[in-house]
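Two complexes, one shared chain (chain A), two partners (chain B, chain C).
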Partner chain A sequence: MSEIDDKTQAVSEKAVSSTQGQGREDGGSGGVIILFFIVGLVASLVVGWVLFPKLLYSQKKQPIDFNHTLHNTLVGNGCESCHSFREDGSYSGVPKLAQCIECHEEVQSSNPEEIRFVEQYVKKGIEVPWLVYARQPDCVFFSHAAHVKAAKMDCATCHGPIGESESMKPYQQNRITGYSRDIWGENIGGFKKNTWDRMKMDDCSECHQKKKVVVGSVQTQKEGCFVCHK
Partner chain B sequence: MKIDRRSFLSLGVGVAAGTALSPLPWKLTDDLSIWTQNWPWTPVPEIGESSFVNSVCTLCPGGCGISVRKVEDRGVKIEGMKGHPVNQGGICALGLSGLQLLYGPTRIKTPLKRVGKRGDGQWAKISWDEAISEITEKLDGLRTSGNSHTVAGIAGSRHGTVSQLFSRFLTAFGSPNFFHTPSIADTYQLALQHMNGVSAAPGFDLENADFILSFGCGLLEGWGSPVRMFKANTGWKKAKARVIQIESRLSRTAAKSDRWIAIIPGSEAALALGVAHVLIKEMLYNKDFVDNYANGFESFVTDNGEIKKGFKQTVLEEYSPETVSRVTGIDPSAIILLAREFANAKAPLALCGKGQGKVPGSLNEAMSVHALNALVGSINRKGGVFPIPAMEVQGWAEVGMDTITSAGMNQPRIDGTPPNSLGYINQLPSAILSGKGYPLNVLFVLESNPLYTMADSKTVKDAFDKIPFVVSLSSFMDETAQYADIVMPNHIYLERLEDAPTPMGYNKSIISLSKPVFKPRLNTKHAGDTLILLAKGLGGGVAEAFPWKNFEACFEQAMGDKMKTLKKNGFWVDSDAVLPDWESTFNTPSGKFQFAPVEFSPGFAPIKIEGDSTFQLLLIPYETMRLSCGYIANPPFLTKTVEDTILKQNDCFIEINPKTAQSNQLSEGDVVVLQTPRGQARVRVHLEEGIMPDMVALPRGLGHTAHDGYIANKGINVNHLIGPVQDPVSGMDAAWGIRAKLSKA
Partner chain C sequence: MKQEHGGVVTQKYGMVVDLDLCTGCGSCMVACMAENNVPFREDETDKLKSITWMRVYKLTNGKHYPETDICYLPRPCQHCEGSHGHSPCVSVCPATATDYDNQTGIVSQIYTRCFGCRYCMGACPYHARYFNWYDPIWPEGMERYLNPNVSPRMRGVVEKCSFCFHRYQAAKDKAHLDGQKEIDEDAYQTACTQACPAGAITFGDLDNPNHAVHELKKQPDTFRLLEKLGTNTKVYYVSSREWVRRAGDNYLKTEGLKKAVL
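Up next, the complex of A and B:
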């Protein structure tokens, strides 16, 4: 046998022995591998489900802590008393200061929030920079008149029992999109129990499909994207 | 237990699996997609109540009703006003872009006083009080020293309350020198004055005409009231009316017409008379009108006992189709056919005014074209041309004439035209530079930009250099404002109260109400209020002529009982006006239509344009709806619509025929130097079959040196290359072109 052959044999023996050696240690490191897998899995689940939403949203306080319940008992026409439709059929959304002044020209109670409201906004004539929980992105066209007036839907179907709230929850703003958390919904996984838990496109279409409401765009008479995305 | 590479791989797999099972990737994807569809830096109108405010667009003299859509206080869109008689809900591209002028960066924010050299753009901000007192001090000095006549004013228009208030200011101050930006309307007014005997603007019943013979009018390029013209054109197509366009260049109008007749430019009057020749020779004219309601058709004896050739004899002797063919380059048979078609139409109508009618043009041409309408009886008849009397302000008291005022008003006008004439601004620069008359000490400029719009910009600038004190009342930092000594910025059209008078060619008297759609955004003042403050500052007789506390009061008095209708409808239209009949309508000495007014000999007097035979080509300016070429410069939206065969980055293109290109060894896109007797410019070549050989066409509206970066220094201002040519009959500018040559750059 030549010298070269000797070397070849030596290398192959070494290789075999090393394979065997590893095989022997498998029992010990298998547990480590599973452990590492579980650690990775759990850590990323915690990041994804717990940490991520905390990082994604910033929290803002409403300028005035508004009490819906209290106002609801004082007005005659439910939500529409303040959240009214304009003459042209468009929806006014959050009331303007002028509307509030109709009752709050002077302080009505000893409520510190109301006093602050009158002092800081009414007296100075400054609009309250309300943060709108349900503001859809700019690319979405939504008609309140079609839903509330024509289809006779309840406000609560989409907005939930906000009319029964006594205090304003913090406004959570998505740091990427700049829109409110209420659009995606409180549940970061997108799961919902109530119709008002989410306000995404799928939620619109879910209801439209269930009710078999297929309405074409006013302009094009066609269904599809341009009904809402004009 | 050993931690090795595989443990970490396993950790990675675990992280990947956990991440996939968490909402993180899906939520991030969703958020990113929302973000990309709603770029935070894209301007989006604020959310709020939307409303529409009706007003009128005064960016051009078209007088279109507009409906401005606002969200809260922010303007978001300008639309045509539905039901407005002029534009019937339509709007042009300039009108649509108006909000860019409102919010754009060239607005002058506050009164300014020049501190650097003139035109250097160095300004000091001053208060309104300082501006008013500085000017009144200067004016007062001139008035007391008996030099009130050395003050002049240039307005964008001679109609409308603000312009009339401006004219009144000069009168009360004692200056006869009120000027306005001229147009074809002035020439038409002279033609009507001599032939119909009335002082009126022409009103064309275009909507009811069925054969439109257009002598180069840019019917779809901004002639008359542009949106009305578009609507009329649609009507013609529906009603199968015919449009014949006579023009040396295939303009949009020519392209959309039923027949385009290419003519040697400047010979339009000869063609009109050639058509008249055929009408008369073949007895195709309206005998009832010509025999019973017209004068000067046949030869006649004047008061001096001279025999004056009538229209008929002149036309028959001198304008046979063959003769006309030699001048115009149009085949005699085409002229005969045109005349027969014109005569056989139910409601034929001939029009003139090249392009947008920015240049007043030849009076002979306007009279020849008007005579054609008379020959077929299309005067004061459905589908014809009507005189629309100029609406003078009724409610104001006469200006009291103190000694200074009357002394000033008795001085001759600086341009040498008779007092109370329309005033010819084209003669102003040469009058100033010749130094023959008196020098001009102060010039006011309101809603006009003479340094840009007047022919031969260099001479105009030289003339401005001789005027020691120039006051601009412009809203924008335009060429003239940049060259002023004091700028007193006016509210922009969307912020001010005023009236838009009857637009050129509209066949009813109409006033539209421009009302403040927005509160003034900047420290500007209504020019009407500025004038009232100046008058009050001067005191004495001038102040007495301006008794109003503000322009609003003055305006309401001027509008009188029309104000109620104006406020209610946004416009007032003289719907009660009855069609004048042939019997009582002509106010000439004979009481009849004058074919051959004694002052003129009918005929074709060619306008001799500048340049000798070393310039082998002919340069003609042309207009397009996509370039605003008056006081208002293009807003960015409008410039976006300009084709890259007109403007590419900062280069503008001349149109030349491929044959001309071949003989000059030029090809598409070549950079050339275009030279005329007045100047030269670097341009690029665009080959176009639609222009006659040996001609060069350059658009108006480019080559601004002022305004903003969106329009300044783009292309060439055709007024740098072209000079005014005085019409030998009227004295107004009649330059339709200039001789030119090209050389490779």
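Up next, the complex of A and C:
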């Protein structure tokens, strides 16, 4: 091997080793960038999925911790014992105090919630300011008669197994719109597993389109807007 | 004759207004505003900004005394059917905020869907549509008198007469509870119909032979407003005076009256 050859080999070895070295440095900074990206992504996901919903909804406690299961075992006619239709076809929704007084004129048990209810509301004759989880926006007309009487639907299809609950969950109110969280649903992404997980217009129309109740709308070839709006 | 859409019995709600009976008292306007939470402002002098779902117009025959004659004409939304439900406003709405329902024959207006382009107001030949230039403000305490069955409107949307549709919904509720398929004539009446002291307004299902309007609209002196436009309205007017009937459309002086197409 000549001297020149030796030199060239040495130079090329150097070049190779230097490029390898550079390559290692590049890999290190790229990793940092990817790490930063992942940390940022996770942070923004946490903000979006965990912190944002907490910020968006305020939590309120119901005035009295009502036990549906207990009442269900004592009444004879299921949900309709207390949540009834009025003669004109409208739905009474949450019972008024007068209906509660039919049984609760005096304290019947040693349950502290019942004692509090009788003392704070029954004795003073003040209506309980219940927070209604399923309260719909102003522009919505919902007919309980059409669903429960005509279509023979179960309460649980929309309201879930609330009749089996032993205590009232906190009422979560959207700070921007003022609506209950039950309308949008627990899942902030809008995914649902059960029919009662959400109460948005899409959820109504999902069922209505399947049943093809009446196709009257000229614009949409679906149901008329005034069926559910007022 | 009853029409069917997809096997379901449909209605075609409409009105017959006897202009010979109307005294122009304005009870229908008042009843309508109270029933439908129609907003008003402290200063209502600018009538271009006033909202009147039901409005009584005064017509004159333009003659001097002693031949002078006047007629009052109450004008709700005419709920045009057009051809196959393509009424002027429904055809132009880019937001699907207004719609013609083949089940009831009522032109609906969904306030939360309207974004206030006012295209429908331009398309409506009857000036039946109104724009909310301001948010409604009721005098203190008056908000307690609002009708809970009618949603109040916000600034920036168009509103109009709905033939008191919330009363149809309530009547439907009662029918469901009683197990009835159809609702009776007197179960669903508009506020203006009930308020009219002269009984000039009759409301009901135009297709149902058991409803009074079915026969009333066939009277020889019946006409509809701007019939030549083909709007195919569901509000019929009756007057024994020919000049009133002529005033219902843009007739040439030499042109003869056209009979309402039923």
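We take it that the second predicted complex is superposed on the first by the 190 of 230 C-alpha atoms of A that agree within 3 Å, B and C clash if a C-alpha of one lies under 4 Å from a C-alpha of the other, contacts with A are read in each partner's own complex, and residues count from 1 in each chain.
One rule holds in what follows: a contact is a pair of C-beta atoms (placed from the backbone, for glycine too) under 8 Å apart; a residue touches a chain by one contact, two chains touch by 3 or more.
Worth saying up front: this structure is predicted, and the values here are computed from it rather than measured.
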Per the overlay, which chain contacts more chain A residues, chain B or chain C?
B
Considering only the touch criterion stated at the top, classify A:V39 as touching first (chain B), second (chain C), both, or neither.
first
Between chain B and chain C, whom does A:I176 touch in the aligned arrangement: first, second, both, or neither?
first
First (chain B), second (chain C), both or neither: which does A:C139 touch?
both
According to the stated criteria, A:C225 is in contact with first (chain B), second (chain C), both, or neither; which is it?
second
Which of the two partners, first being chain B and second being chain C, lies in contact with A:G190: first, second, both, or neither?
first
Is A:V214 contacted by the first partner chain B, the second partner chain C, both or neither?
second
Of the partners chain B and chain C, which touch A:W130 in the superposed model: first, second, both, neither?
neither
Considering only the touch criterion stated at the top, classify A:G48 as touching first (chain B), second (chain C), both, or neither.
first
Which residues of chain A are in contact with chain B in one complex and with chain C in the other?
88, 90, 137-139
In the complex formed with chain C, which residues of chain A make contact?
85, 88-90, 137-139, 141, 143-146, 149-150, 212, 214-220, 224-227, 229-230
Complex contact set, residues of chain C against chain A
5-6, 8, 10, 84-86, 90, 93, 96, 99-104, 106, 108, 110-113, 149-152, 162, 165-166, 169-170, 172-179
What part of chain A is in contact with chain B in the complex they form?
25, 28-29, 31-34, 36-45, 47-49, 52, 56, 86, 88, 90, 92-93, 135, 137-139, 174, 176-179, 184, 188-190
Can you name the residues of chain B that touch chain A in the complex?
1-4, 6-8, 10-19, 21-24, 26-28, 30-32, 34-35, 37-38, 40, 44, 47, 49-50
